[in-house]
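Data first, discussion second: the structure below is written as structure tokens.
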């Protein structure tokens, strides 16, 4: 027997998953952040940049385009991989609080989020490996090498706040910061490492090594077109949004406690700040080589992250 | 580069040949040589004068013969001029002395049908691999241009 | 004045660029400015043309054709699809009748619309 | 480790023009490379034989899309030598001015291409933005950004008024400030250095073996520059330095080119300030007075045009000049008609192409774009 309350609850859950803070909101954010990023980069480089609807137009254009793969590519896997990547990112989004709203939260969701966030990297590598082109194979192996370079410091950097606050729930970590201080003030090094790790995770310049245009075309995505490519792009841009939200929640105090208008506004402002930092970081440097990145990852970032963890345990004790 | 000294050295090396140098604008000296003297002449130029810069090799089909011009440069231009017969034209390669001659020789070879004996990597440079027509810069009989 | 190395070396230049004017324009929606001496559209003062054909002889792209129809009648045809806008015709014309003005000739998919009779002279003209 | 063949070209994002490299790689190391050119061979040497000397100025201009003025300079110089024409000093100065502006534009374009190849988009955008200053000056002087159509046999087609001289000088100052930025970045920016230092090394001996010319040779310590060693146009009246470096890698090439740009700026200033009076062309147009003002496209004294003799006496000429990429040589033979019997063009890119198999051996695949950018390929030039 379905009572009225059950229906109401169901609708509110569906609304949370599909509209806000779920998929619809994420889609809008993905396109919006993409446009802001492109606009900022353009203006830093002296250009006027694209109009606001450009990301949407690009998405629609790709959806309408002919979809083809070269002979020898694993067709079913190639169709599945972008969906896997997108699904993983969207699942992550359910556990990352947006302005205090969260679809599902439980003790330990940070670990689930971190694991699921690496799934797109694996899908990306497989896409390169299975799509029958030398460029994508080289790009795929680079993506894997890069994964090992950034993932360890990224994980260690994000576990710092969890250890300090004694909880592996993102909502709890965010809520605790509103009572004490922001984690970025306690662990500035950890925040920087997480930020650098995020650049690596999102394959943004200067760590856009797996898709270095002038070297290997579009890397693993060289042979993708049409809807598959649109889904790939959507999954990468959604990942940007989710990654930024995660950093805001864990290091910048999220929305500052309860879901209020003021909280939502500060959350948005913090997210935009990180996006801006990502854009500026992309504009400042030349792309590193994969061996230079692994060098930086293992010789600089990983030891720093280790020291950071030791520091956290020391002040926590 | 002292052109007089160079000419003296060449005259010494090839006493039987009448070397009649000719001044050509802009600041270039043309020295006619028999085809088989080009390689030894370039060796002398490299060893005695350090003249190693080959600007290019010009090949031309005048209708009755094929003229090869080796444009060298060392502060001033020096061009060695060799005349080959149209049929079965061949000459020794310079790539062993000047590796940079490789592309120029390949170009002359495909454009005019001259064989460069001993070239390490003959083959087309600009023309397609499956080119089977006449060498394009040969003058066709019947005056078709 | 060169600055020492730093991790964000380009930052001052970024700020300077941000404060300066943008250099790109949204071209089809905003007009492009052409300098006065831009070699664009070819125009002819047809009353000066004598049909000597010097422009036709010197045109490197064979974009001009002179059609003599007997009895002093002639037509000078300009094939703008072949034209390289080099301005040699304006130079070669002994009458100074040809000029290239700073007007951009827009591209078109219909090639035949680019052919233009620029001088048409009847007998005794 | 298994071997793989990576095709770079004929179509590839790292290439602006069609050329093909087949790279055999082990992991990310390149063990072997094969080069193929000729995809844009247009048979220009044959075309030049089929057109008259006047038309050929414009054909020569289209050999290259960047150093077009260098080509017409070499060509006109050769034909003028055959005709025995003396070109007026003002014309020589203007010709040289365009040569140097073109060098600035070509080198800045190159800085941008290199930056884009190593993933430094911002420098790419800035370099191309500032290159516009040089392009705008050239467009205002000649009416074309790249195809200037400035040289004619016997002089130049353009003239510069005193007001224009001042305007150009002011913009050159602006350009110099911007080039300072690039010099700073090349000298100090860490990621730029990480991607260019030690990459694509060529020793002075290799340079001599392959008869390499231009900035690539100078960056390996081979001090050769046609502007100084065989002065043409107005170069004997200018004071300038030939920039060399010893490292021989892509970074040294960047440094040499950037410093050469500054040197070219100084030369432009000298040319503009010391511009001699007189006619910019040997021959004046007859009927300019009667034409309405629009048709007097020239400047202070009416339209300008060359009326060099159409027939060139039989003879041969070898004309060399320093294009932005190095020594450019034209061989012209005339048989006495109004068409050349043979014109041979050797562009500087052909020399640097020969060094690429050496440079591409035993390097990281990620360095391939930097190496390719480093030698400043102009494939249309090389293929003709």
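Order as written gives the chain letters A, B, C and D; numbering starts at 1 within each chain.
The working rule: a contact is a pair of C-beta atoms (placed from the backbone, for glycine too) under 8 Å apart; a residue touches a chain by one contact, two chains touch by 3 or more.
This structure is a prediction, so every number in the text was calculated from the model and none was measured.
In this assembly, the C-alpha centroid of subunit B lies 42 Å from the C-alpha centroid of subunit C.
Centre-to-centre separation of subunit B and subunit D, using mean CA positions: 26 Å. Distance between subunit A and subunit B, defined via averaged C-alpha coordinates, is recorded as 63 Å. In subunit D, the positions touching at least two other chains are 122-123, 126, 129, 189.
Multi-chain contact residues of subunit B, defined as those touching 2 or more other chains: none present.
Counting partner chains per residue, subunit C shows two or more touched chains at residues 9-10, 14, 17, 23. Judged by the touch criterion defined above, the protein chains form a pattern that is neither an open path, a ring nor a star, and not fully connected either. All chain pairs that count as touching, in label order, are A-C, A-D, B-D, C-D. Note for the complex: subunit C touches subunit A at residues 8-11, 14, 17-18, 20, 22-26. On the side of subunit D, the complex with subunit A involves touching residues 4-7, 12-14, 25, 28, 115-123, 125-126, 129, 189, 191-192, 194-195, 364-369.
Within the complex, the subunit D residues that touch subunit B are 37-38, 41, 43, 45-46, 49-50, 77-78, 81-82, 208-212, 224, 229-230, 232, 315-320, 327, 329, 331, 333, 341-342, 344, 346, 350-351, 353-354, 383-384.
For subunit A in complex with subunit C, the touching residues are 43-48, 280, 283-284.
Of all residues in subunit C, only 1-7, 9-10, 13-14, 17, 23, 35-39, 45, 48, 57-61, 84-88, 90-92, 94-102 touch subunit D in the complex they form.
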